[in-house]
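Order of writing sets the labels: A, B, C, D, E and F. Residues in every chain begin at 1.
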Amino acid sequence: MRLQHATWQEVEAYLAHSRGIIVPIGSTEQHGPNGLVGTDALCPESIAWALGEQHGVLVGPTQAIGMAQHHLAFPGTISLRPSTLVAVLRDTIESLARHGFTHVFFINGHGGNIATVKAAFAEVYSERSLRGSHSAESPLALGLFNWFMGRRGRELAAKLYADDEGYHATASEVSLAWYAAGTEKPVAMSPRVAPNGSAECDAETFRQRFPDGRMGSDPSLSSARHGERFLALGVEDAWEAYQAFLGDTPAG
Amino acid sequence: MRLQHATWQEVEAYLAHSRGIIVPIGSTEQHGPNGLVGTDALCPESIAWALGEQHGVLVGPTQAIGMAQHHLAFPGTISLRPSTLVAVLRDTIESLARHGFTHVFFINGHGGNIATVKAAFAEVYSERSLRGSHSAESPLALGLFNWFMGRRGRELAAKLYADDEGYHATASEVSLAWYAAGTEKPVAMSPRVAPNGSAECDAETFRQRFPDGRMGSDPSLSSARHGERFLALGVEDAWEAYQAFLGDTPAG
Amino acid sequence: MRLQHATWQEVEAYLAHSRGIIVPIGSTEQHGPNGLVGTDALCPESIAWALGEQHGVLVGPTQAIGMAQHHLAFPGTISLRPSTLVAVLRDTIESLARHGFTHVFFINGHGGNIATVKAAFAEVYSERSLRGSHSAESPLALGLFNWFMGRRGRELAAKLYADDEGYHATASEVSLAWYAAGTEKPVAMSPRVAPNGSAECDAETFRQRFPDGRMGSDPSLSSARHGERFLALGVEDAWEAYQAFLGDTPAG
Amino acid sequence: MRLQHATWQEVEAYLAHSRGIIVPIGSTEQHGPNGLVGTDALCPESIAWALGEQHGVLVGPTQAIGMAQHHLAFPGTISLRPSTLVAVLRDTIESLARHGFTHVFFINGHGGNIATVKAAFAEVYSERSLRGSHSAESPLALGLFNWFMGRRGRELAAKLYADDEGYHATASEVSLAWYAAGTEKPVAMSPRVAPNGSAECDAETFRQRFPDGRMGSDPSLSSARHGERFLALGVEDAWEAYQAFLGDTPAG
Amino acid sequence: MRLQHATWQEVEAYLAHSRGIIVPIGSTEQHGPNGLVGTDALCPESIAWALGEQHGVLVGPTQAIGMAQHHLAFPGTISLRPSTLVAVLRDTIESLARHGFTHVFFINGHGGNIATVKAAFAEVYSERSLRGSHSAESPLALGLFNWFMGRRGRELAAKLYADDEGYHATASEVSLAWYAAGTEKPVAMSPRVAPNGSAECDAETFRQRFPDGRMGSDPSLSSARHGERFLALGVEDAWEAYQAFLGDTPAG
Amino acid sequence: MRLQHATWQEVEAYLAHSRGIIVPIGSTEQHGPNGLVGTDALCPESIAWALGEQHGVLVGPTQAIGMAQHHLAFPGTISLRPSTLVAVLRDTIESLARHGFTHVFFINGHGGNIATVKAAFAEVYSERSLRGSHSAESPLALGLFNWFMGRRGRELAAKLYADDEGYHATASEVSLAWYAAGTEKPVAMSPRVAPNGSAECDAETFRQRFPDGRMGSDPSLSSARHGERFLALGVEDAWEAYQAFLGDTPAG
């Protein structure tokens, strides 16, 4: 069930039997010559929506903009400062906790978000931990699942693309986003496989290192048909992780 | 053209002939017994997407969560503090300005966002205005269009619902969101028309005043078929406003 | 009763019979060739002081600096960033709520403050709304009255100045500020009526659009004698609004 | 010349011959049984206004609310958090520097403001100092003068009240504020001289230590006639300090 | 060379031949029954100091407090909120960059810091990336090395403790901190090996899961003599990483 | 007892008989041609450690970086913005209060920290004072002792150096830091005694005024042997102040 398509009374009914919710989080950033700017949001969103439908889990609105400062030298990239993204996630989590959700599970599509999402979790926990046992608050567990690290998806990528999968604008994520968006954008790559290196730098440095935006990948191997398979496996990976997460019992 | 579905090179090509972009902004909040939680995001998003397609305007990712603190006593509502939303909009605008966009036009679906969006514009302008003429920055114009105030849409609502249109969970927005989401949720209303009053209060007070979440409306009059008509008129209203906005020339 | 002139024991006695307080808020910004930089603070302050005396309402210290970034290209303008003004209003309101005030009523003299003041109210309410029903806090109602939108004052301005009243450095506010400050500064206007346009822009753009600072007005029509009449009507308008506001009952 | 009563063109003319401005800063806080809540703002404001008139110095709007957290257990006190006051002073100073003011001189009426004002100065300087010599900014000197520490005023207080002057709600400041407000509020004190102790504590502790709000003072000795003398000496003290401050030459 | 023990002229001389500096960062948090509260700071600090001496690298002051919210239910733990630690690292890095340092290398002793340190790096880069190519700033590379993940140290821990090394209050870090502090605190462990689980939770939950503070470790195996060996290997690991980092060339 | 060298169980035992803790705070900034960059941290740290050992007081980790913006034109200086240092101290104090510490005593080595530390105390108190008597929090007293203002130390400095002690890079602090660091750095001074003036300015202005970083001092008179004597007297001064501070009883 998508929160955006539910009424508040349907949410109330959902809360009577489950305290868990899934929130997709991505990024709006360049993904090389043939990848969509929205790739990192489209991938976790499509997985979350399919999972929500198959398993009756509530899915919140996608956080489509993430921490993408290193991609800002490419047109179309939008980035939140880490401090801004921490505030967004804090308010989102506090709103959900206010309604009685105890397990908030983020499905993430962007490696560059991981540190900031974890810092945001720690910011939320800090308020509770500093207050100590005087706190009257209900328990809260926060989970982060990076779909691109799921076992099943990794195995398929290895089988389809071997070393040409790469690290940014990967063949797998370009495929899944194409499938989710119902499009394909065939572009010839030059060089076929992009250079590798560290993405932990500012935007000018990043563009110097990775002139067309790709990192170590050959996404000319991508196809929407592949994307369909990544979606199915992504749902299995995420569902497994979500079920384990629900078993995580915070102090109350 | 949706930014999420474009490559960075397509954005680069777009910038060669236009410096304007449209960003939908909404809210994730209760909309009464039959309205969708995502109503305020779905409405401007569907208008922006249709406008973008018809007129070749680039449309950024939807800011689905807005300032909805007064709705927090109803399950499903997610709200950003005004200070958080200001930071989000500042980072979004600064990212776009970095690429050379000079006209950023927000299509808004939520009355409760207006004050904070305007404060965010002033926050962005403040940095430039405090620096004075030493600033090397390019000109920047920020626009806000509230679709629910568009002339054509207002006229249709008056014709279809007269005084039962109301102020929150209105018959028109419920219709448009149903059409956008491809759903209808018929629910009997009691009382048929909801009470009126001020929404400028905290969440507990709001719920006391408006027990089922509606303000002055009878959205049992809504239908997806109506929504289709509101979409068409919303695009006309927004396109007219966007064209006027592009004529707004900031100092450079 | 002016808070600045009261002892704390007088405030304590006041609180025994009333939980309402009035706070004037203005701006320190250019007001054209003959208008005072303090116009937007002097107007609501003089109204609040007169109202306080006539009706025994406590009046807090004037917030003389507001959000005036668009006027910063004219010497003498002082502006708070929206985020700063939100913090000031939050601390002011929290201090008053701490003493048991439940109704804080701002009389405002500056259109450019409206969005930020409303965002500040929402910021204060957000804290309460996010805490939910666990909150032990007392009820709180926040009101904003823009004196320049009062019915009686509008009618007098229409009668005296018709279309030459304008939108900034208006004939009416220049008159009232002159009366409040006990001064008149006759200056010939050229052009007689200033150009119109949007003030939602940065400071350089504003000065380009409005070279002498006025927007659509001819304040050479102003006089302190007019100001005296605007003061009397402003008090009537504000008193009516304040009484209605006291009837606004938040949840407790 | 009071900025509030000037036009922007008068400010422009002033800047042609002087780059200095005076800003009064006070507090809104209890001042014992017979002292005005606005004492700490009224004192520096009346000194600044008189100085401005006598010596042709521009005087900005009074910052009437300061850092008064320790007085919050007494009704009527309004306090800004230090972080808020730092932001207010930063924006005020940056606005003035934007117009070309190089010397901003605060006349302060509240001991509890000193640390925060100095922290605010350091916050403003930090931005410049971190940017280093690449900075294109004009020089900036920030001054703080505490009127209650002026030599001439101290001597008169010692002569009139000896040890009964005290540390808060002092006989001298109550006198000056009475004179400035045109009022006298005779109240019998019990004990005649208030207890002494540290004010660096929270509000509950402060009220426990100083039950009627006074610290070490007997303000029943105060009179408006005394206040008139403190005003004259305060102007002399402040003028001497301001002239010395203008000789302070920052790097440009 | 330790910065704390250098004069500014010695730093100036150092900058003439090297633009790199090492900053130890740790945490002040419980480390089980026999581990020191300062373990996470003592470990990277002792490695940095020894490396600095052996290889002539400048070592800045240790950031002894980190992000340790999950340990706050144990007395002695001090934690910075992530947002605070981000600000500290931003100011530290900006200060160093001001002097011409282009490579700032953090040696970290606490897993819980990693996300926040990376978010802080991104916060610093964001300012530069948002400004774009107009920026006049010098290049900047930021590095993070977690001593406890160094290859040589890992191998020794595996050899000495096998699976009893654990994840918090590990046998290796307790040994190194003992050696650095010149102390040993033999305490019997019960159970001998602590339970395992996730540390991503609030403080109350953490203490419930890990009653004596250890995670999966048996630090009764620790000894200062082991610590001496971990120090030597830690220096080798860090030196290798630092040299690689200096080869990282940001855009200038 | 140093917190860094204690286990959490030792801290727990300490809390059973004392609720006070000492935290050294300094700065990382130039101290003239022969003074150590870490002088302001080394001095209070060595005093705190010796005091802690002699009197069994718990000593927290040293805050080695302070507010030193005015020294940033000299290589090696690291400065926190006042707003950052306020956040650091707030989190440190809240962490300690969480464990039941009621008296937190900072021994400070840097005059430039005083305003910001006091602002930080006020920031912490503000949260409590704004909440009012509804607050369930335990009492909290915050103390600041500037070792360089201790009576015994002042007397020795006057005897050894008379007027050549100076105001920054003083002969006494250089001596104590040399003793603490086990080093001496003899450098000839020219001029022998540095110029005097105000340090309340930005970094460029400071360096113009004080070309080698000293203010009014002749630290060529310094010696580690002197430092040993300043340490002993500093411990006596601080111990006296700490005992008085423990007698300070906040409301509970």
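As a convention for this text, contacts are C-beta pairs under 8 Å (C-beta built on N, C-alpha and C of every residue); 3 or more make two chains touch, one makes a residue touch a chain.
For each chain, UniProt lists the protein as follows: A, B, C, D, E, F = Amidase.
Please read all numbers here as calculations on a predicted model, not as lab measurements.
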Shared interface partners, meaning chains that touch subunit A (Amidase) and subunit B (Amidase): C, E
Centroid comparison with subunit E (Amidase) (C-alpha atoms), farthest chain: C
Averaged-CA centre spacing for the pair subunit E (Amidase) and subunit D (Amidase), given as whole angstrom: 46
Where subunit A (Amidase) and subunit D (Amidase) are represented by their mean Cα positions, the distance between them in whole Å: 53
Whole-Å separation of chain centres (CA-atom averages), subunit C (Amidase) against subunit D (Amidase): 24
Contacts with 2+ other chains: residues of subunit C (Amidase): 72, 79, 81, 83, 91, 95, 98, 129-130, 132
Arrangement of touching chains [line / ring / star / complete / other]: other
All touching chain pairs, where touch follows the definition stated at the start: A-B, A-C, A-E, A-F, B-C, B-D, B-E, C-D, C-F, D-E, D-F, E-F
Footprint of subunit D (Amidase) on subunit F (Amidase) - complex, ascending: 67, 69-70, 72-73, 79, 81-83, 86, 112, 114-123, 125-126, 128-130, 132-133, 139-142, 198, 200-205, 207-208, 248, 250-251
Subunit B (Amidase) residues touching subunit E (Amidase) - in the complex, by the definition given at the top: 91, 94-95, 98, 136
Residue numbers on subunit D (Amidase) that touch subunit E (Amidase), as the complex places them: 129-132, 134
Residue ranges of subunit D (Amidase) touching subunit C (Amidase) (in the complex, touch as defined): 2-9, 11-12, 15, 28, 30-38, 41-42, 60-62, 64-65, 72, 74-81, 83-84, 87-88, 90-92, 95-96, 98-100, 181, 183, 185, 187, 213
